[in-house]
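Before any comments, here is the structure.
Chains here go by letter, A, B, C and D, matching the order in which they are written, and residues are numbered from 1 within each.
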Amino acid sequence: MTSPNPAAKRSFAQRISGERIVLALAAPVLAVVLSVAICSVLLATSGKNPFDAWNVMITYATKSDGQVLILNRATTYYLAAAAAAFGFRMNLFNIGVEGQYKVAALFAAFVGAQVDLPAFIQIPLLLVTAMLIGGLYASIAGLLKVYRGVSEVISTIMLNAISVSIVGLLLVPGVFAPKASSTSNSIQTDPVSDSSHFFSIPTAGGDLWGFLFIAVLVGVLFQFTLTRTRFGFDLRATGRSESAATASGVNVKKMVVISMVVSGAIAGLIGLPELLQNSYSYGQSFQPGLGFLGISIALLGRNSPIGMAFAALLFSFLDSTGSQLPLKGGFPFEIVAVMQGTIVICVVVAYELVRRYGLKRQQQKVGAQLAAQAAATEKKEVSA
Amino acid sequence: MSTATAARPKAPGAPAKKRKLSWPVVLLLIAGALVLFAAVGMATGNHSLTSSGQVSAALGSAVPIGMAGLGGLWSERAGVVNIGLEGMMVAGTFCGAWAGYLVNPWVGLLAGMLGGALGGLLHAIITVTFGVDHIVSGVGINLLIPGICAYVNRIYYKDYISAGAGANQSPPADPLPYITVPGLSSGLKTIENHHWFLVSDVAGVLGGLVTNLSVVVVLAAVLIVVSYFLLWRTVFGLRLRSCGENPTAAESLGVNVYKYKYMAVIASGAFAGLGGAYLSLVAAHFYKDGQTLGRGFIGLAAMIFGNWMPGGLAMGAGLFGFTDSLQLRDPESVHVLILIVAIAMALLALWQLYRRKFTATVVSLVVAGGLGAWYALTDEVQRPLIVATPYLITLVVLSLASQRLRMPKADGQIYRKGQGK
Amino acid sequence: MANHDINLTVRTGTVHALMGENGAGKSTLMKILYGMQRPDEGTIAINGEQCEFHTPGDAIARGIGMVHQHFMLADNLTVLENVVLGGEKLHGIGARAKAKIKEISDQYGLGVRPDALVEDLGVADRQRVEILKVLYRGAKILILDEPTAVLVPQEVDALFDNLRELKSEGVTVIFISHKLHEVLAVADAISVIRRGTTVGDADPKAVTARQLAEMMVGAELPSPENRESTVTTTEMLRVEDLRIAKTDAEGIERVVLDDISLRIHKGEILGIAGVEGNGQAELVEAIMGMLPLDGGTVTLDGKDLSGTLTRARREAGIGYIPEDRHKHGLLLEAPLWENRILGHVTEEPNSSGPLLKPAAAREDTLRIVRDYDVRTPGIEVTAASLSGGNQQKLIIGREMSHQPKLLIAAHPTRGVDVGAQAQIWEHIRSAQREGLAVLLISADLDELIGLSDTIRVIYRGRLVADADPATVTAEDLGTAMTGAAAGHLESDPEAVAEAQAVAAEGTEAADQHPHTDTADKPQAGE
Amino acid sequence: ACGAKSTDTNASSGSSSDALKVGMAYDIGGRGDQSFNDSAARGLDKAKADLGVNVTEAEAKTGEAEADKETRLKNLIDGGYKTIVAVGFVYQQAVDKVAKDNPNVKFAIIDSNDKDQPSNVTSLLFAEQEGSYLAGVAAANKSKAHHIGFIGGVQSELIKKFEAGYKAGAKSVDPNIQIETTYLTTPPDFSGFNSPDKGKEAAQGQLDKGADVIYSAAGSSGNGAIEAVATAGKWAIGVDSDQASQPALAKFKNNILTSMVKNVDNAVYAYIDSVKKNTPFTGIKLFDLKANGVSLATTGGKIDDIQDKLKAASDAITSGATTIPTAPTS
């Protein structure tokens, strides 16, 4: 056997070649620049100086409390993105993250309030509860797709609407919420037991949520599962070509259900940072919309664990610093939504252009290299 | 790819014999449903399911859903999946209310369509020209357009507070006219009030069709019929549909696929925009942030439910409109609806038994029994559940019927000119 | 570059054949002529007049019509709709158009029903619809890109009769084919393309098949090699009473496979002949476990696999070369080494336990690239950037790397150039010598006759006939494939000898093809 | 810069002026929502004009996180605003938390109370059931069909109080009166406060069943209900502010019988005044009928003819003779 190592090394170098990195970064950077430009124009039309707005946002992000806020929020966003991305990696459009996390967080809050075990059992118990409920709820869409051929896009949209009703049915005094006093108008579950509180790290800028580590862990597991396990290979193969995966022996039906459940299980975690680190109970105004936000972040980060981390930070930066805008300069905070929208759209277009360019480049390179090889051998034959 | 896969005909054996829903069958089914409703109405003394008010309200609620669905239909028939309908509807609500206030509601309708069409144009640029995945583009549009509308609302209407505008609301526009057929409407109402078995129910349904209809409801109905005609009976439609079935084939025959896709997606946005304008000009008289409440998605579901056909789409939208307005108008009747669904499931079970599908029979029977028991053991449906009825029904119907659905063959696929195989 | 320095002159009222190996650039050239692709430079002149085509519409307006290599039909539309599409100005889209279609159909004996859904048509019918589409537009120049690839010999003859009639009406036909004897039979003039450029013209009356073949590949063809039977008595695959019925959307049951029983022994190649769409694909998928069975058993090496999943069957030793490598064989946008894992993710060296072993997979991919002569600059490039033949070699290398007991090879050399074709046959044959059982499906009857030890004919989901490749001609096989013959086929020995002689004359019975001519390949490429 | 907090630079701004600095945190919609928030804004404006306080405002956005509310409150505090009014029960958790961390800041929260809330938080509550009771009395007196309706925006605890009072009031006049009840949505879906189309449809349903006076406690969904009722020529009863004087409803004002006005502005003003006078409210401050926290609007004079009856009912309430349930009985 000739040593394969030089070749392997060369290929590794090839993989992280400068061109690829430039290509990978070109899209998001271009998109952000473009959307900053568009939003600047919008802000200017409202008669404000856009640079003041950017200044407010960037200044806040340089402050310690702003940074803590951004990181804490990014933790939640990252989990939401990971949940959506897990499905996307096999072309499964789980639009239902929204419903899954709500139902899961509600149950976790209920269990957390009912049970009071030592923290090292209590917290895993709540994590498992949330993941279980999220997974179960997602499995409905998976099963419907596999057995009844119902598109998951439609079924999860319906399940999102139904989840609101589920919360409505359960989050009432006497069921999951305590009997209300006559003066209280906000309904929420009892607070979770003290042992359910997740640790946080006190910093100068406030408490940094320990759940950040869970998010990082999810990202690492996500990456590991996808690139280092058989299951992950099957999943990616299915995402790239369902027909080829089927022929290769992947049980696509099983994969659909499993991925849907895993996606739902990750979705189950989305509400937990807020629940176990901040509000300690699930109320009627528990933050909605994270599921849809997660989808956008996943798209922005190309469903890759690293990319999504950047995307989550970017969105969190926009949301956190954007809420400073009305107070410090009277800018409408709606500009943040515009900005997120333009970034997502610009980025997906840019990714597609870059992808196509990259593929063509590679084909040309392969063609050229082969032609060169062929010419070389021909010459050799002639001279021989 | 190889010719072989493209050319593989349907499996050999029995000759293809399609069982299509023909007009007589459809009419018979409608008649059957009416009898069922009438009988249940008689038995329970609750006649609101077939009352004229309910029918006309159902039509009204169906309009935004139906228009979104029609938008979906146009776009998907040309091969472009459009989940950006929701965003395009928002554009319609905003532009409709804006022009409706500044000029008049008729111009508002037009402006709403125009706003939606702009959203459609954006979707077309992203998906057709740049070849981005259709769902991804739709998600982006649903994020962007509501953001822009909310932003513009806030900065633009600052000076209109005294006219009734607010931070996230536009000033009110004038209403659009309603149509009532003079003699017919009241005559039917009289019959309806007698609660005669079936006769009154028919009168109620017919009455709903001629009483207090917004002109936009009529317009929407006309648009659905016109869409059918355009798409299935004209050259334009043939070309458009060919782009959704096999764009490369269309291209090889000189059809400018990009052009048709663009037209379809823009039209799609315009229909969604009209649905939005209905919300901000008829259902309410002003724009409000978050007014569409996911109707774009429901419209899409209605279209799939209707098997990518205008008639089916109208039925799907009607079903949504019916349950949605019923739960608002008359929450108690939702309880009666359970009984009706239970009986319908039992009938379905009989049909399946006749077709010798035994497992399906058992499943249907169990569902029917469960629903029947629920009806018998309760007096009312809990409100959160009432709100969920349309979604639950859609899920159930789709899980029963989705294997019969057939979407355009190249739907959702990315087409590049000159790169067909 | 797909085409460069192409010069082609076609005289009015002739059938002009265009030949060249796979990927030579024939389709590209025709697409340029038809306005579907734009040339970087060069001109097209019709009747001495310079034209420039931006879209197929321009070409159609100049009287050019094209039947594409891959059918251009919308399945869910009717024949009428498919025909009138784009040409609605001619006769509308209603009754007039229908009458016109009937008229053309009757004139050329095409037997086309305007109201049928294309979805329900067979391959030959579809081909006739394609031709009708062109005639409907009154084309004066007709381009046929490999129209015979999926037809049985009898259908080919019918097509040629139509072409001759058209020619007599002054229509110019450009006819693309790999099949030497077809070209010799019908063409008035021949041009040969190699590596995207014209290498010469030939007169069909003066040229031999062998000379043509050499013009196409640009080199002397390698000589044949004798082979003796390696069939053993050990049974490897046993398929018993296989039955599959599909219920379609309308609830109607269609029998796809019925009463299929076959056996393959170690060292045996069993060939399945049949017109596409008669159940071959389903048979393969049934054995692979991709389709659920309604009845019957599949036994491999004494082990009943009937109820098992595809993965278990692959682990049990079935190798699979799918007929459509892009759809079933590769992850086009994944690097080569990931494609090497595909289908064998549970096996050494790709994984151990639930974990993947990328390093080992990479190393083994390098070995396959070397051993199977996959022309690639590295294993990190995507599969999409390889040429079709090299993709196929990678697949074969991958499947052979796991010492399969049974190889299912569906059109293993489809869309592969001559050199690669020979290598692929050699790989299959050497594995056969070591005891591999092979189920070979091919539309190329010469490939089937050349490689197989036994041939079975499939028609409408049943195995209706069988034959010994040594004693059967392609024509008789073709008859059975249309359902006109059944039972054991035995051709007139003289005809068999003649066929073999023709083949030998063309190629000296090249190693390429055990008995028949080299360039006679079934189907073209990617 | 990383170590610095965003507040470090403007820490001095608190002492720049002697005027009382009041920060107001609105619920979604903020100033200009034509409803609840606007009412609070009026109180703030009045305080600014009459008491010379220094004010700043901030508002919630749709679908925001708990942390956003906390940050908003903190931002106000950091800006030197040590008296903060939070409008709406959605602020309860955030107020509890921030108040605990800032014991020297005074908070008021409207429409909400938490039994464990810190002592520097005051709840400004309203006796909606009392005002609604009067609305019920008016409705029952005006109904010719002995059939009235109630439309609640969201089936929350707060709106149930409206329903309870309204029903009790109507039954006190006409024990056999038929009352339709519709809620547009149930929590956590709060779109029922924001969907005029839903309000319209629900009102139409009740009209079709024969109701001829309809009370809608549904935020801006009430606009739709009022339109439907006015179009049918029946009586509508509005809520929160005097709807007959709202520009957006000018067209229908002839059919607006009255509105159950919740004088949030009075409460806000009173609270700021109390702080200014250094006698801040503590605990729960109930704004009931007696304290003019709730009342019926008389614009248009449509209830002038039944004023005596309303007066009697009102007296009975203030004297304690009538007690009103805060939750619907059936």
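The definition used in the following text is that a contact is a pair of C-beta atoms (placed from the backbone, for glycine too) under 8 Å apart; a residue touches a chain by one contact, two chains touch by 3 or more.
No experiment lies behind these values; they were computed from the predicted model shown.
A.B. asks: My parser should flag the chain pair with the most contacts; which pair should that be?
C.D. replies: After counting contacts between each pair of chains, the winner is B-C.
A.B. asks: Cα centroid separation between chain A and chain D, in whole Å?
C.D. replies: A distance of 38 Å separates the two centres.
A.B. asks: Please work out the Cα centroid separation of chain A and chain C, and write it as a whole number of Å.
C.D. replies: Between these chains, centre-to-centre, one finds 44 Å.
A.B. asks: With chain centres taken as the means of their Cα atoms, state the distance from chain C to chain D in Å.
C.D. replies: Whole-Å distance between the two chain centres: 76.
A.B. asks: Multi-chain contacts only, two chains or more: what residues does chain A have there?
C.D. replies: In chain A, 164-165, 167-168, 334 touch at least two other chains.
A.B. asks: Among the residues of chain B, which are close enough to touch at least two other chains?
C.D. replies: 383-384, 387, 403, 405
A.B. asks: Can you list the chain C residues in contact with two or more other chains?
C.D. replies: Residues 327 of chain C each touch two or more of the other chains.
A.B. asks: Going by the touch rule stated at the top, which chains touch which?
C.D. replies: All touching pairs, sorted by chain label, are A-B, A-C, A-D, B-C, B-D.
A.B. asks: Sort out for me which residues of chain C touch chain A in the complex.
C.D. replies: Going through chain C, the ones touching chain A are 288, 290, 309-315, 320, 322, 327-334, 338, 341-346, 351, 354-356, 358-359, 362-363, 366, 375-382, 384-386.
A.B. asks: Which of the residues in chain B end up touching chain A in this complex?
C.D. replies: It is residues 83, 122, 126, 130-133, 135-137, 139-148, 150-151, 154-155, 294, 297-298, 300-301, 304, 382-385, 387-388, 391-392, 394-395, 398-400, 402-403, 405 of chain B that touch chain A.
A.B. asks: For chain D, which residues count as touching chain A in their complex?
C.D. replies: Spelled out, the residues of chain D in touch with chain A are 1-8, 56, 58-59, 61-68, 71-72, 75-76, 79, 89-90, 92-93, 111-115, 123, 125, 156-158, 186-190, 284, 326-327.
A.B. asks: Mind pulling up the chain A residues that touch chain C in the complex?
C.D. replies: 4, 7-8, 10-11, 14-15, 227-234, 236-237, 240-241, 243-244, 246-251, 359, 362-363, 365-366, 369-370, 373
A.B. asks: Would you mind writing out the residues of chain C in touch with chain B in their complex?
C.D. replies: 31, 34, 36-38, 55-58, 60, 66, 68-77, 81-82, 84-88, 93, 117, 119-123, 125-126, 133, 146, 149-150, 245-246, 248-256, 276-279, 281-282, 323-324, 326-327, 411, 414-415, 443, 460-461, 523, 526
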